[in-house]
Amino acid sequence: MSTFGSLFRVTTYGESHCASVGAIIDGCPPGLELSPQDIQVQLSRRRPGQSNLTTPRDEKDLVHVQSGIEQGVTLGTPIGLLVKNEDQRPKDYSETDLYPRPSHADYTYLEKFGVKASSGGGRSSARETIGRVAAGAIAEKYLKQVFGIEIVAFVSSVGKIHLPSNIAPPSLAEVDGDEDNDDVADALTPEFRQLLATITREEVDKHPTRCPHLATAERMTKRIIRAKESMDSIGGTVTCVIRNVPSGLGEPVFDKFEAKLAQAMMSIPATKAFEVGSGFRGTEVPGSKHNDAFIVKDGKLGTSTNWSGGIQGGITNGEDIYFRIGFKSPATISQAQHTAQYNGTPGTLAARGRHDPCVVPRAVPIVETMAAIVVMDQLLIQNSRKTAAGLLPPITTLPPTMVMPSH
Amino acid sequence: MSTFGSLFRVTTYGESHCASVGAIIDGCPPGLELSPQDIQVQLSRRRPGQSNLTTPRDEKDLVHVQSGIEQGVTLGTPIGLLVKNEDQRPKDYSETDLYPRPSHADYTYLEKFGVKASSGGGRSSARETIGRVAAGAIAEKYLKQVFGIEIVAFVSSVGKIHLPSNIAPPSLAEVDGDEDNDDVADALTPEFRQLLATITREEVDKHPTRCPHLATAERMTKRIIRAKESMDSIGGTVTCVIRNVPSGLGEPVFDKFEAKLAQAMMSIPATKAFEVGSGFRGTEVPGSKHNDAFIVKDGKLGTSTNWSGGIQGGITNGEDIYFRIGFKSPATISQAQHTAQYNGTPGTLAARGRHDPCVVPRAVPIVETMAAIVVMDQLLIQNSRKTAAGLLPPITTLPPTMVMPSH
Amino acid sequence: MSTFGSLFRVTTYGESHCASVGAIIDGCPPGLELSPQDIQVQLSRRRPGQSNLTTPRDEKDLVHVQSGIEQGVTLGTPIGLLVKNEDQRPKDYSETDLYPRPSHADYTYLEKFGVKASSGGGRSSARETIGRVAAGAIAEKYLKQVFGIEIVAFVSSVGKIHLPSNIAPPSLAEVDGDEDNDDVADALTPEFRQLLATITREEVDKHPTRCPHLATAERMTKRIIRAKESMDSIGGTVTCVIRNVPSGLGEPVFDKFEAKLAQAMMSIPATKAFEVGSGFRGTEVPGSKHNDAFIVKDGKLGTSTNWSGGIQGGITNGEDIYFRIGFKSPATISQAQHTAQYNGTPGTLAARGRHDPCVVPRAVPIVETMAAIVVMDQLLIQNSRKTAAGLLPPITTLPPTMVMPSH
Amino acid sequence: MSTFGSLFRVTTYGESHCASVGAIIDGCPPGLELSPQDIQVQLSRRRPGQSNLTTPRDEKDLVHVQSGIEQGVTLGTPIGLLVKNEDQRPKDYSETDLYPRPSHADYTYLEKFGVKASSGGGRSSARETIGRVAAGAIAEKYLKQVFGIEIVAFVSSVGKIHLPSNIAPPSLAEVDGDEDNDDVADALTPEFRQLLATITREEVDKHPTRCPHLATAERMTKRIIRAKESMDSIGGTVTCVIRNVPSGLGEPVFDKFEAKLAQAMMSIPATKAFEVGSGFRGTEVPGSKHNDAFIVKDGKLGTSTNWSGGIQGGITNGEDIYFRIGFKSPATISQAQHTAQYNGTPGTLAARGRHDPCVVPRAVPIVETMAAIVVMDQLLIQNSRKTAAGLLPPITTLPPTMVMPSH
């Protein structure tokens, strides 16, 4: 339903044409300095109208905090917030409304609910994500301040245009390459790990595509413009890194860190694919090369490689967490489509509305904030366990393998 | 934690060396004919020792039903069940226990819990999946009997050996191919759709690899044997189809059908990647080609293509649901690995235990049963809504676009 | 936390002095005709300033629906709503703020959160209940329209002034009366059952105390006026009946109907006691007199007496559900109290603010709406099971006692 | 359903005549020394056959731990446990099975599930409580060891026989006593508070009734024997105190401490009433007398009286938590009852089975362990918040009333 998280719990509401969209964030730690501007930053990165690559609607998306904060400090009580919809009127009846848009949610919403919002897909609207972004921005503030956790997402591909292979995520499968060749030199490059370790939001935002490699970004721009000009659309991928996450987060077995991360990401509109660490590419690498050997780093165990993507057995190990999400081409396009009406009559659906030809640039803050929500919730759960266990007296009679002190 | 689902709710327990592993299944509809054999079938497909491709331990994994069934019929009350562990003794202390196994959960479990089971990774053991498989087998029985829902998974790749491209899942990304060439003829082939529409578990089980294309299966066998002989391991992918799912399942926004499916799959040990429908490949296909046009099928709206994988806006549309999961190479290998002890001392970890060189053949029933749990839970939730809405009087004053009768 | 319910799920936010209080209602069936006025009715019954028995602040408490409703019909998506706070400024610092109010939540909120709202008790404010009342009003609309379910609460006591014994709830314990006298003639009277069967909100609202027996109501008025004039406060009880609830609601074992009802009621501020059916009095009545014999009513099994209060084994049986809630005397009083400051310094806390001398008249709609939320949620869950079971073929081989057809 | 708790989560299964009853306890802190005997103690206090006051069946109820514990120490993973049913055969068909037992769950279970266990009421069986008691015994171990938390319940009434008024719980309402007399001298006596402060399980167990006042206990014994001999049954109340609970537990607003406590207690079979602190009696005491003034105790704020029962605004304040639960007379009695068959035919239901004439002595450990589960879950949640907030830097710019340091 519309609630995510157990201790840091986000509940959202709102469609495209209602009075507002918003969220209630329950479980934010009390005593956190938090201003509307802390939230606005990510909302503004998400909003349409930022460049000629996105939909021309310029909505301000100003956040209005309703509760849970006083004197600039969180009270620990639920934070209610909302963003007004500029266009609150339900749409007028139109000829095109006889048609469910192909690959959009119009048809499935009607199948599910029996009635539908004037916007068609109801909660599948991109505006629904505003509540999550606001919630995640709050989580980010806490995580950054207390643990120095940094979450940075960037566009890693648009259509067939990918980051150069030396800085690309590992997962680009070979089909029937030399099946006896176990060489993996091209997969998890030092340059890619360096990119993960150092990339900042400022760098990402330097180009409207939010691709951090400028030459590639320029090609992506052209690809998006081509989609726009042909009244078509194109998809892409977003890669995200989370740095400085403490080890020990993630709740076996169903709420493994990567499982909740996958749910969070696959709940973002238009997503079709998720992979963490070596991802699909990892399926092709033998264990002897894929295993991340332990070494000492900063006086603590770390790993020399990071095929695992910072997660082992569903639990974080302290290394950088990285993952990639695939966004399909947007369903709403302006060119004529041969399809059928709700009543089955075949016909042609012509243009309606103006929409993003490619969503990945705007998806970047959505990915980051959803990641922040997952980390925050898992952190609060592990906090609880660790505190509870820490209050117990040490047990001195156990075999050494049960309490092997970690370095 | 160890509970999944809201109305069909599965809770599991158990590690490798404790008395038993098991589950409580709450919310099974009353009045379902259910025998232990219904459950045993999938447990037996999951158990080790089925061929020379898997671990030689031959565990019987017999299910013992504790409650919730009387006279062969479910009561609607929780079904408790368990499978005894053959080897219930905690392992002896060993030199190799000084080392956390690279890329295994030994280290992260210790970081999380501060103590660890003699098995090291505790709940990350493959034996943990027994509870889920049993639970899912119950869901399968209901779904098959009432809706004719069929769930069939198969191995689509081992290492670099994939199904032939004409029957392969669509998502095999091109890197920097001709970026202006939007041709997609190779991606979602009629043969693949035909495979999805007709594949059965009987066909899948004909070969120990559980790959339905025999020539490919033979190559996979060799690849696994090579891994085994070199004391190494190898990963692979499993593709799964769910047929005959009613439209309207999936709870926007955080519990979208694909989001819960992703959580379920990524909670299976050793998974690193998930994609549904066109997946990563869908990011490269323009909207005009990726959109699934509506047509009438069996007197109801369906789609001519199925890039969406049966889900639009997080809700099922009645078409075949298909998805692919990437399993990494198993972390436990017998060859020596240079790594560090818990205390940071560098050293070499030599062989211990015997383990599967490749998990994907045995993962097939795990994928199927987890899928069944997701479908069952979403079905029960939508059941409730549909029944509640159906009791309301029709509203005659609404604009036609709000109640567009679906064909 | 601030969320209640599984399928009909209510999440609230807001303190006394923030911008607004509100709620998100997730899981409302689609296709329900619903106007703001449907919600406003109960908000207006709850608001202060209705008579000289309540706090003189006259707040309008107008509901603003944000989402989930279009053209006067629910979409099935989350309904966001809010009520603005008239006084949104955090209070000024005051001498009395050095003192935690005795028996108020000032101290415990500080212990819990470490910071506190200017209102002191934060979410313990009566204004928090606005969100629930609005949510419950929506549930009431559905339950009334589809099942004819009627929920009516009334004031059954103020201080020591109770309804006359012939129409009083059964639970008034005798202490060491003749312990061998099992006579129960005074306990569950036909007049009381008649009152339950026929009482309406209109009758309840005829007197400002919301006590349906006028002579008693007048005495209650005097008692409240006495409390007000002596700058003191007084408690009371509210009794509630739910009529026409289908049999079969309530989820064993932890979510039994009465268990969720108890949670719901005991989550209302100032509640200290809850009982259902015969309640505490039922502990004194032998089984032979307390058991409700079955009889046929309207062609269906019913019971001749109703000591059970419509619930047996945690599941509704179709009879009237009735229960009673005890509200303590409000903690905030204007007379001087000897107590201690936060820092431990003893002293005298003098008057601050103006408050209800007795909350029970205004508690009536809160009790009703919380009851509606419980019924609605349990109904949706049972709907799901019943629909799922109803799709299974009948099993003809069972022993007759397993499928005993109910009359 | 059959799961309770969010971080300390208990899921139970089992009916009377199935193979076993049991539970999975998820979220137990790792590193706790825990033996089966720690669990057995409370199971043995709960089991039948302890005296001639209870059912003569002597079931051993030995716990079998399945997982989650190794070398006598908890791993932090789910603890599976079970107790075998001695009589595992479904009962034979009998004439009396044509009748739903009056006030038992036979009828409502059939209404809910459509099929029923041979035991009739399925999960309403007292054997279902075994899983909870085992789970709660684990929580008790932790709470005692780390916080010195003591939970002691005792029988405070059987039928009309109550503890002497000087040591009785406060809530015994006066009906139309002198309504202008606000004297409360009889209500919350120092002797009762002393009893709460000092009572131990050893003292409670000295008498088979588990009433700590011997003269009263003897009268209770006679009352129970009278019920038994007349083939009848009788109810009673259990009072429980929880000592040394840290302040700050309880999650506003729906999961207030007393709300979850009420749910937990009202989920125990045969309960009809719950009150905390002054309970129903508190409704009659003016605020000026009911308010608990703050004083300094052990260098910390405490209260001079404790009408609140240790909870204010839904949050614990560090004082003793006490509450009372009403258990109705057991529905299963051996004397003939005029009632109707499932098919509506009137008739007489004669004796079947042997059952407790009074459940309160055996309810004592059930109440204690359910209370322990509530405390444990709320403690883990507050642990998490406190740890999270404690990691934030102090904010020096806030008005003094927001961060009033507690003494």
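Labels A, B, C and D are assigned to the chains in the order they are written; within every chain, residues are numbered from 1.
Simple rule for what comes next: a contact is a pair of C-beta atoms (placed from the backbone, for glycine too) under 8 Å apart; a residue touches a chain by one contact, two chains touch by 3 or more.
Since this is a predicted model, take the numbers as computed values, not measurements.
Undergrad: With centres defined by CA atoms only, which chain is the most remote from chain C?
TA: Most distant chain from chain C: B.
Undergrad: For the interfaces A-C and A-D, which has the higher count of C-beta pairs in contact?
TA: Ranking A-C and A-D by C-beta contacts puts A-C first.
Undergrad: What is the distance, in whole Å, between the centres of chain A and chain C, each centre taken as the mean of its C-alpha atoms?
TA: Result: the chain centres lie 41 Å from each other.
Undergrad: Centre to centre, by mean C-alpha position, how many angstrom separate chain A and chain B?
TA: Result: the chain centres lie 23 Å from each other.
Undergrad: What is the distance in Å between the mean C-alpha positions of chain A and chain D?
TA: It comes to 44 Å between the two C-alpha centres.
Undergrad: Which residue numbers or ranges of chain D touch two or more of the other chains?
TA: 1-3, 12, 27, 30-31, 70-71, 73, 76-77, 112-116, 118, 122-123, 252, 385, 389, 398-399, 402
Undergrad: Can you tell me which positions in chain D touch chain A when the two form their complex?
TA: Within the complex, chain D contacts chain A at residues 6-7, 27, 29-33, 70-71, 73, 76-77, 142, 145-146, 252, 379-381, 383-389, 391-395, 398-399, 402.
Undergrad: For the complex, which residues does chain D have touching chain B?
TA: Touching chain B from chain D are residues 1-3, 9, 11-15, 17-22, 24, 26-27, 30-31, 64-71, 73-80, 82, 90, 112-118, 122-123.
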